[in-house]
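First chain written, first letter: the chains are A, B, C, D and E, and each begins at residue 1.
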Amino acid sequence: MTNPARASDCILRTEGLSKEFLGFHAVKNVSLNIRRHSIHALIGPNGAGKTTCFNLLTTFIPASAGRIYYNEHDITKSDPASVAIGGMVRSFQISAVFGQMSVLDNVRVALQRKAGGTFAFWRSARVLERYTGRARELLAAVNLEPYANFSAADLSYGRKRALELATTLALEPELILLDEPIAGLGHEDIGPVTRLIAQVAKDRTVLMVEHNMKVVAELCDRITVLQAGEVLAEGSYEEVSNDARVRAAYVGGAHA
Amino acid sequence: MPEQNVPCLEVRGLTGFYGETQALHGIDFVVQPGEAVCLLGRNGAGKTTTLRAVVGLLAKRRGHIAIDGRPTQGMAPEDIARLGVAYCPEERGIFASLDVEENLLLPPVLMPGGMTIDEIYMLFPNLKLRRKSPGTRLSGGEQQMLAIARILRTGAKLLLLDEPTEGLAPVIIEEIGEAIGILRQRGFTILMVEQNFRFASGVGDRFYVIEEGRVAEHFDRQTLASDHARIEALLGV
Amino acid sequence: MTATPSFSERHWAALLVAGALALVLAPFVAYPVFLMKLMCFALLAASLNLMVGYVGLLSFGHAMFFGSAGYATAHAVKVWGFDPALGVLFGAAVAAAIGATTGALAIRRAGIAFSMITLACAQLVYFIALRSPFTGGEDGIQNVPRGKLLGLLSLQDNLTLYYVVMVTVVAAFWLIWRVVHSPFGQVLTAIRDNEPRAISLGYRVNRYKLLAFTLSAALAGLAGGMKSIVFQIATLTDVSWVTSGEALLMGIVGGLQTMFGPVVGAMVVVTMANELSGFAEAVLIVQGAVFVVVVMLFRRGIVGEINAFLARRTRLGNTPPEVSSTPPRAPRAGPAASATAREGTP
Amino acid sequence: MPDTLFGFPLAAIAGQVLVGMINGSLYSLMSLGLAIIFGLLRVVNFAHGAQYMLGAFVAWGLLEYLGLNYWWALVLAPLLVGLSGVALERTLLRRLYHVDHVYALLLTFGFALILEGVFRYKFGATGQPYPNPIAGGLDTPMAFFPWYRLWVIAASMGMCILTWFVIERTKLGSYLRAATENPNLVRTFGVRVPRMLMLTYGLGVALAGFSGVMAAPIYQVNPLMGSQLIIVVFAVVVIGGMGSIMGAIVAGFGLGVIEGITKLVYPDGAGMVVFVVMLIVLAVRPQGLFGSLR
Amino acid sequence: QISDDMVRIGLMGDLSGPYSGNGGPGSVLAAKMAIEDFGGKVNGKPVELLTLDDQNKPDVGLNAARKWLETDKVDAIVGGSASSIALGVQTLMKEKQKPYLIAGTVTSDLTGKACSPMAFQFLVDTYSLPKAGVQTLIDKGIKTFFFVTVDYAFGTALQTEATRFIEQAGGKVVGSVKHPLGTTDFSSYLLQAQASGAKAIVILNAGLDLSNSLKQAAEFHITKGGQSVSVFGMTINSVAAMGLETAQGLNITVPFYWDRDEASRAWSKRFMERNNGVVPTYIMAGVYSAVTHYLKSVQAAGTDAGPAVVAKMKATPVNDFMSKDVKIREDGQVMRPVYPVEVKTPAQSKGKYDFYTIGTAIPAEKIFRPLSEGGCDFVKK
């Protein structure tokens, strides 16, 4: 299923990625090929190792075996901050915003990282004004402009998700990793967030974990199904959803 | 509905506060013994808060709550629990310092009639596999299973489940639906908060829609079939 | 920034002018040595506050910076014949070096563990001070000459020294204010708020924390160095955990996460100790009681409570609710944290 | 049998190991109490030293005013000190569980200052002597080992094992551990959590009181005895791993012995060796020997 | 003339710590008694007593002394606890030209290397204490010594002087170990001393430290191998603290013992009545002596100006219940005789504080360091 010949098309590639927790193999020999400018989904039953994969890819935890190549650079031994600096940014399953800061500052903190000068303790915070314009643009893109001066903690769940996306985008990542972006959202929010993801995915690559098959079907170009830490199947939504093994392991009978 | 016997849970004019802000503005509903009742509603409507008020975790609550006819105003959570109520919280509340099995065995058995460990493992084989793993090392979905499994042992007759299917794979959701069916056969009463309407409509007898801390709508399974359009509009499904 | 109280610029200007005037006139009203002591402790408390209030890490070992800088300055000035200014800077540099070393160990842990590690490091420094020959053990380094500032201005006179100390302390406070309101300060806030998220944005958080810790140590050292010049003695008291505790008490009484809390706290605590001097046990009892009362009744501290009060008033007056002088929120093991724990900190 | 080892007289080594074990006993008992309280309540009980001192004073008071001997004190003093802990928990500490843990630390710190101050006010900083309840000793050719000190070692070990068993191997222990993490949730299971936390604090404090009684005949009964010990014990707790019961016990005895040996090899370093060990351990294992990086 | 119409005496001591039994509150009482006995007034001007707990911390003592002199107009400071503090205060008093009446702190540097024209040593020092002690031990045929020493100015000075005496007498110091002030557990130090095999284990500390170390020495049977435990200086409160059972047989020298003669018994009786029946130490007696002599000199000089009073004090012999016609040497040493005493066995003791068998007085010239050896800079050679 993997095709090393076209490796250069891939922004992110793993070879035999494995993770063992005290004798328990959470991820076994997973080889992923994430094509540039695609939306790629990672699905699978609970405990299949999806989140662990994310943690491995972003080097939040070290791999037990295998290699990770990001733009053909080996980042297996890197650290999370460097990975982010390199252009691969993740979001968290539980919404992650800086609650005590204003919505605008949330985005500016990200812009600031990109621009540097973050150790400048002798300079006035006013130098950050120069990021305000760009920050507002980003907020506008996710319909958060009106809330720019709100404390992030006061936002509703859906808006926090949107803010998180805006913050992530501020770093202009090449590759965005989203862990269950839809989970916990009310029905009325699912549509907008789905559209938002589709929108930000332009010119970038997205790798996401999601249980909501409707959303996966709508968004994703390619799907990898994990089961018990191993790749069970890979392909387009049609291919995967018609795979008998996948249906047995994940989708279940009622969902045709 | 047979109204003469005492309801398993009765809530009248329930108001509740987080500090200064009011989250519940007078909620009324009843749950009869053996029923499965669903609370629906948008994010932030007050569903979780309602459950927390019932189990006594919401300190600032006013109004009437009675379990099997016994008012619980002013009672501590542990005393309410002893009336036969068990709660599975939204954020799961798995204990990191206990392994899976310890988590499972933690809640004391309140009354006879709960499931046995073997039955539980049959229902959730993942848990058996990860039996000795620290509770919070489980995947998100596994933790959800554990949280539900944990209260099935206690024999509590009234189960409060807050979004039991969040983050679960479709197959597992199906299994949970079956489990709820089994529980009802055994005479358990279930009050559940659900965002997954498809799932809820499969298992619930009656539905309350909560909006801004009030009950905005109430319907039952019959209506669900007959008045589909209205409900779709209501919930934006 | 969260710590800026919301009342208007004009109020602030008036307050600053009044404060400046008070500082200039104070030595004519009060005993200058007492005032200098007060300022040194205010700076110590403020440096600690930088860690506790703005980085969210409670150091229980700030005395190690304060005290070792005291020794370094005393030694440099007395034995090597350094100029007092140079001596104090040397003290601050030594403190910064100790800060960088201990910080590298301590910042790897958060919350209570961080506090315990700093406490233990401080205790190690204490024992070194107790045993090593150059500190004079129990005797301390005594008879430290006050000398001449830059070889010109004799500091023998209390009043002269007072103004020198005052200018230094004001400058140091300005620096703290600047740090908090700088791009760097912004990053610190973000890290305190949500560390995993800050990492995922590409911040190497430990470096920021370490820099903050080192800065804080240097400032504590500055205070300690000056104190040894003022009192002409460097002793074990200044490296002992009691001093760390007092610095913390000042911060808490005045209000963490506020700029002037440490000043007010130092005023209260130092005055109290002064009034009760001669009754060591009474000092203990009163300090203990103050801790208990503040913790139980007004956790925001004096300045924090005032800010909150002003904020409430302005909010009624329809200005946007920009203020929060909430007590610091360090990482906790609450339900929310345990839910995120697996995601955030594998 | 050679009478020196690495150039040090064997008698001296044996003596220092014994002394180390005695100190280690107290370190273990004290850090055990701290570990229980920290592990379960997430409270760094800064008053632990003061409560240890209280234990010693209660023992002394029982003897002085009521004529009750050591063995009575060994039972009564921990009980009384534990009750005082319960009172503190009920009236003040309990209200701080919902705010940052730092405040509980500060509260107990303040409480410790008050206790120490009051006792200094009442009794001065001069110690009160407490008679040795078991006279005599084991006379070996190497050194003379007083019975009482040997008893302290044995009794502490017994107490440590008992406590460890209760917390790690019983149902009560798992309630306690769960209640630490999410007390409210455990309450909804029908477990009386507030009462449990209160008793836990009482138990931890009683251990401090017990250590105090143990220490009384060895050291003087002195208002300062607690604050002198507590900081070292904190280091022991950090080395063992905060909140780890096994860690507290192992690190306590281990460090006692290491300290004893250091007194012989490099006396000037004896006061610091605990802290040096701590730094080394932290550099290698930030969470401490038995701690988890939770 | 009396400055600001008031004579203010500051009494500094360890009022609550390990040395509080030696001086502490008892010294305060002694100073009060001295002022009362003097009539509460000098030349019609009231005498005021200020007290301070220096907590044995140099910074506390020094800061307070500075404040006393700079803002509270204190005319003289009396007392002392730890030598480390005294050395600092000494410098300050020299700078401010105010009399410093030392009674309670004993490093011999105060009249030697660090001497000051404004200072007086009213009692013994770290030269005189071991001088007799070493001789006693050497006379018993003891040749090897091991020190357990408190680690600060006092202990260091005591050990240096003792070592010199021992070496002069042909003895040998085989080792020593230092402990911090306020140690509670001495067992490891003692075991080390025991393992050294030295014939005499000498404890060079004071106050609480001293009673603790001696008690633990007994507990560990340190002397079972034929070694002996000795001390060179000790105040009577330590004997009370450790009990005669432990202290019996120790030989020390003291400048005062309550039961020595009629005058000392009479004064001590008055003192004990006001001190809960607790016996005065020689330090407390010394404070009384110092305050009395100071007030007399102020009266005679007609002023409280430092240099004038100091001149008067040095010119006048000290006369009180402790001592008769005792001169003050140029370097400030009060040349009083000292008494060798041996601690009684419990059987010998007949009353509550019947602790010592007292020997014949050693004249001051025999026991204090000769002026020429002190190295005091302002003393004319």
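FYI, a contact is a pair of C-beta atoms (placed from the backbone, for glycine too) under 8 Å apart; a residue touches a chain by one contact, two chains touch by 3 or more.
Chain labels with UniProt names: A, B = Branched-chain amino acid transport system ATP-binding protein; C, D = Branched-chain amino acid transport system permease protein.
Everything numeric in this text was worked out from a predicted model, so none of it was measured.
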Touch-network distance, chain C to chain E, counted in steps:
1
Go through the assembly and pull out the chains touching chain A as well as chain D.
B, C
Starting from the Cα centroid of chain B, hunt down the chain whose centroid lies farthest away.
E
Maximum distance between Cα centroids and chain D occurs for chain A
Check: interface with higher C-beta contact count, A-C vs D-E, is A-C
List the centre-to-centre spacing of chain D and chain E in whole Å, with centres computed as mean CA coordinates.
38
Could you tell me the distance, in whole angstrom, between the mean C-alpha positions of chain B and chain D?
44
For chain B and chain E, what's the span in angstrom between their mean Cα positions?
78
In angstrom, rounded to a whole number, how far apart do the mean CA points of chain A and chain B lie?
31
Indicate the residues of chain A shared as contacts by at least two other chains.
51, 93
Where chain D touches two or more other chains simultaneously, the residues are 120, 180-182, 184-185, 268, 271, 294
Any chance you could list the residues of chain B touching two or more other chains?
89, 93, 95-96, 137, 140
Partner chain E, residues of chain C touching it in the complex:
31, 33-34, 37, 130-131, 136-140, 142-143, 158, 231-233, 235-238, 277-281
Chain E contact footprint on chain D (complex, rising order):
9, 11-12, 15-16, 19-20, 22-23, 120, 124-127, 129, 132, 137, 139, 143-144, 146, 148-149, 218-220, 222, 224-225, 228, 260, 263-264, 267-268, 270-271
Seen from chain E, its contact residues with chain C in the complex are 15-17, 51-53, 55-60, 62-64, 66-67, 70-71, 82-84, 87-88, 91, 151-153, 180-181
Under the definition above, what is the set of chain A residues touching chain C in their complex?
51, 55, 58, 60-61, 79-85, 89-94, 96-101, 105, 108-110, 112-114, 117-125, 127-128, 149, 151, 167-168, 171, 179
Within their complex, state which residues of chain E touch chain D.
16-18, 20-21, 24-25, 177-178, 180, 182, 184-185, 187-189, 191-192, 194-195, 207-208, 211-212, 215, 219-221, 224, 241-243
